[in-house]
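Just dropping this structure here.
Chain nomenclature is as follows: A, B, C and D, assigned in order of appearance, with residue numbering initiated at 1 for each chain independently.
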Amino acid sequence: MPNGSRIRVGIVGYGVIGKRVAGAVARQADMVVAGVADVLTDWRMRAAARAGHTLFGAAQEHAVAMREAGLPVAGDLEALLGETDVVVDCTPKRVAARNVEIYRRRGTRFILQGGEKHAATGHSFVAEANYASAVGREATRVVSCNTTSVVRTLGALKRVGLLRSARGTLLRRATDPWESHLGGIMNTLVPEEDIPSHQGPDAQTVDPDLDVVTVAIKVPETIGHLHSWVVRLARPASREEVLAAFRTSSRIAFVEARDGLPAPNAIKEMTGDLGRPHGDLYEVALWSDTLKVEGEELFYNYMVDNQAIVIPETVDAIRALSGRERDAAASIARTDAALGITGDLV
Amino acid sequence: MPNGSRIRVGIVGYGVIGKRVAGAVARQADMVVAGVADVLTDWRMRAAARAGHTLFGAAQEHAVAMREAGLPVAGDLEALLGETDVVVDCTPKRVAARNVEIYRRRGTRFILQGGEKHAATGHSFVAEANYASAVGREATRVVSCNTTSVVRTLGALKRVGLLRSARGTLLRRATDPWESHLGGIMNTLVPEEDIPSHQGPDAQTVDPDLDVVTVAIKVPETIGHLHSWVVRLARPASREEVLAAFRTSSRIAFVEARDGLPAPNAIKEMTGDLGRPHGDLYEVALWSDTLKVEGEELFYNYMVDNQAIVIPETVDAIRALSGRERDAAASIARTDAALGITGDLV
Amino acid sequence: MPNGSRIRVGIVGYGVIGKRVAGAVARQADMVVAGVADVLTDWRMRAAARAGHTLFGAAQEHAVAMREAGLPVAGDLEALLGETDVVVDCTPKRVAARNVEIYRRRGTRFILQGGEKHAATGHSFVAEANYASAVGREATRVVSCNTTSVVRTLGALKRVGLLRSARGTLLRRATDPWESHLGGIMNTLVPEEDIPSHQGPDAQTVDPDLDVVTVAIKVPETIGHLHSWVVRLARPASREEVLAAFRTSSRIAFVEARDGLPAPNAIKEMTGDLGRPHGDLYEVALWSDTLKVEGEELFYNYMVDNQAIVIPETVDAIRALSGRERDAAASIARTDAALGITGDLV
Amino acid sequence: MPNGSRIRVGIVGYGVIGKRVAGAVARQADMVVAGVADVLTDWRMRAAARAGHTLFGAAQEHAVAMREAGLPVAGDLEALLGETDVVVDCTPKRVAARNVEIYRRRGTRFILQGGEKHAATGHSFVAEANYASAVGREATRVVSCNTTSVVRTLGALKRVGLLRSARGTLLRRATDPWESHLGGIMNTLVPEEDIPSHQGPDAQTVDPDLDVVTVAIKVPETIGHLHSWVVRLARPASREEVLAAFRTSSRIAFVEARDGLPAPNAIKEMTGDLGRPHGDLYEVALWSDTLKVEGEELFYNYMVDNQAIVIPETVDAIRALSGRERDAAASIARTDAALGITGDLV
């Protein structure tokens, strides 16, 4: 793609992640949304159009159905790819696998989301950890919300030589708000049957050196995930050293229970007050006042907004694949500025 | 207040309603936020400051505490009232009663919210029903979220001569999202002990002619209220006539279960997609496709966003009290335009 | 079947209803549980065996699988029917339809549950309403939990000439506790798309004269349903007359919000304290202290334990089909005594 | 107290714990319920009377109020203590502290529950860990539900020399079912502000050698707690060795996710099927099929029925204080047999 022009980004799948990626891309000075492709014909597509996005059918038949539903449609997926430098596939788990063949055939660089397997692209991405290795690649996979938070936080501890091993209990929200009328769990808890859960090995696809094991439990709420960690430190450290380590990441933000933010619902109210779209929390919101160091053990909890945390990573991944920006810090700074990420929340 | 200048609006109580009123006032070309007064010193005040509002302590002691917490404070309530044409009191239930004396003593026109009693101002307000009678008054009370929805919808039926009597079952959200870590009900339902519930008589403070009785039941969710109505029509009517009646209000918006919007959580996702602050739903969201007329009986359900529905009413009430705009339709049109209310949602 | 001996009852489907029917039948002096047939091999079958029931596979293959799982199996469905006078089919919705052919072929009298259609048996049953017409029949259908409550309560009003018409809003629990890890709704409400909902016409399969219309809304709890009714009386009546009408049914029990029983969770705690199996509430629990008469309108709320309310009806239906007891009142009295139903709860 | 006669047990506070203790004591051949004292006059006292318990007012004024409410009252607390060998105080947190003076003055042996502090009795009790040291004491404290589970499970690992250190994440139910209409959290999670949470030190009041640290998070459900543990073993061990260690306790019962018991709601259904009062789960229900050993690390999850787990401990504590039974194993066996605890569930 020619230097100087904007990176043209196609979004395939306009769901929880796709619509946020589209919104975030639209706010980057060096990018433009080429269009969004989907299979739906209901209010969600009308909302996409109202948000200013050009609509495409995921296949020809969907373009036809959209047109019949009165939606302004510009064509199908192939048409979208014709105007796209980097495509971000945000389709539901495992649907993307089929699209990959199309992207490969057309030579369009592509990004998958964390529901797909590492092998689908051979590269798994978290900006602060391995941006450089994605520069100019054909494809990468932005890892899942939980894994992104793991790599950000443990990566921060590792950078300053504090990390020995980490064991995390992950309380996973049962379903997303938009579809909470369709399913979810009620008045119970559901431990995942696989111990350890997949997030540890998944984090290792980004950084194989991480000694991390997780156990996951589904909980009856829709707001986001909550992680509780026990970390063995590589050496004795003060509380302040640990906090300073986390501060090296602009995408870990401290919240304080005693500042009126003791729980995810309050944190989401705050991000709503900040005027962020959908009240999105892009950062790991880590409770700094309740964090505790005991000897060589470190304990802390944080919240993960599963709908939003991968959005800045995806924007960086677009820039990396495009080859326009080779420097991780520079890309992160641009993304952060465009999304209002400052390291602090309020 | 001098013509031509903007109406200076003071907000007392920066909670769920207060912050929304402040944001909505800031979007009106003929109004300006003079400042917000509160008693808090935590993130909520920092968010208010970041939103551009001037902070005042609800009393001198609160101003001191805010200053000590590092907040930029411009003074106390008296100072705020010195720069205010109309004050909107959004303090918690029954706190406002005490503030009223201060407003009266200073001669500042004031608006109370629906938690207060009708007698506190002698006038209860819903823009489409009785704007004219509030013009130039010293004070009015914007009725509660539930009552506002009742007056809007039954008022629409009444305007076209269709209303005989209405019986409603109100499913009330148990608590607001921001404080759902502090209380609420779990895995149960709580019928209100008073049958009928207070919303019927409350609606009659706006329109004494309404024949309306309600029963209220608290339900274990935080998104908003849901009303289910059985209306006896004054004469046989078609479904289309009923829908046309509702369409006479810009603040009743139709949603369709079969368009992917069968439940409040999906509707809130949609208003979030529309980019509204906090995903606010100012309209009564009435399910038009499931509405049913059987003989002289009419059945329908709608959703009430208890955090947002009174916001446009409050803006209109400010304009009415100020005396600057004597025409209800003109005020409603200005408010609607500023808040993105069009009669349709998406 | 020979007089004097006990009625041999087979239970097909040992789920939420089946296991309760089995337990209730075991407590009747004139009945015996011939066995329970199911398709499962997990803890539920072991619990059935521990409860003293003889196990049968729903088909030969299930008998084999049960045996392989180490369960004591006495045979398959055909074997069970060989020792059964009346079979109660409690299989999931619409599965029973296939079993009916088997019952008919073998000439075994059978009872279906409310998930099946009226046409499947041509007779729909509520003991207080139409026991007599079921005596000696080949088959009947015990109507659903909601419909049972409607017929009991409106039937009581009708018996004393008070009923003109009834409009009910039904808050339906989203899923049963045992399977609440598999599905359900979260932090939302889901109005049924069909207005009126099916319970009105369903009640009319038992009593065609009832003027009843219902609207149903799914709510995020698992304990039971809650109905809110507006009844137009046939004539002015006092509160006491209405309560006396409800007292004519032993299966309507009064609860008082002001006695510490304001909500279904508290009511279930109480039935647990009474030592009932699973804390089952067989009665309609009607809030007598909040019931209100205004002119010719009557308002009241009640709770329905969807897992338990049809159990006494099913026991009566067995007796009716068997032909051993032709008198409704006599059967109801026997059933009530065996289950601890007294008209009062505590 | 004379040998040969039954131990006369008084229960003070007939709430969630008190009523279960009363029921469990009534099932012991060597004990008798002297009576229950409380302050209430509503259905709960009527249910207590129906359960066969003699009622006493917690003070004279309560006895009067009970009598006025039509309850059969035998006297006040002093009267109850006059007929009591061991009193079990099950009053709400910190109320018991005041009662202790009365018990001491009268020389009545007494048991407190886990809401009270260790210092209140100087002895904290878990039967399998320290029955012997409670024999003949004036008083003991049965530790809380969570702590009881910790001591049972880690104690089992310690007995066979497998325990080095344990780190647990405790998901705490937000409120009990009976009062879930009064409070609780909704659609959020609330991490406790103190890390570590108090259960670790509390377990050390029973066994000071346990190296245990816990983090607690309140979750929006009412069924019970769920613990997720990471244990460092003292030496490499097989999965079978670990399971065998847990099997040394009759009060740890295995459940299997793949047997249809993946979540607390399903487990409670099962205990209901077993016919236990209120479906009580006295055992730690530990998921044996998902338990995992990796090198010298052990991972497992279990459920704690916070309403029931301390009941068998309390029965044993009564026997210990009474001095009638000096042997822990003998007392545990008697209690288990009376309550249907067998080591297996179904």
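Note that a contact is a pair of C-beta atoms (placed from the backbone, for glycine too) under 8 Å apart; a residue touches a chain by one contact, two chains touch by 3 or more.
On a predicted model such as this, the values are computed, not experimentally measured, just so you know.
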Fill in the blank from the handout: Contact steps required, at the very least, to link chain A with chain C come to 1
Fill in the blank from the handout: The chain pair with the larger count of contacting C-beta pairs, comparing A-B against B-D, is A-B
Handout entry: For chain A paired with chain B, centre-to-centre distance based on mean C-alpha positions, whole Å
Key = 35
Completion exercise
Note: chain D sits from chain A at a C-alpha centroid distance in Å of 43
Exercise for the section: Let me have the rounded angstrom distance from the C-alpha centre of chain B over to the C-alpha centre of chain D, please. Expected result: 48
Exercise for the section: Would you please write down the residue numbers of chain D that are in contact with two or more other chains? Expected result: 177, 180-181, 185-188, 190, 220-222, 262-263, 265-266
Fill in the blank from the handout: Note: in the complex, chain C contacts chain B through residues 167, 169, 171, 185, 187-191, 193-196, 213, 215, 217, 219-223, 226, 228, 230, 257-258, 262-266, 287, 289-292, 294, 297, 299-301
Completion exercise
In the complex, the residues of chain B that touch chain A are 19, 40, 42-44, 46-48, 50-51, 177-181, 186-187, 222, 259-263, 265-266, 268-270, 272-275, 277-279, 345-346
Completion exercise
Interface with chain B, chain D side, in the complex: residues 174-175, 177, 180-188, 190, 220-222
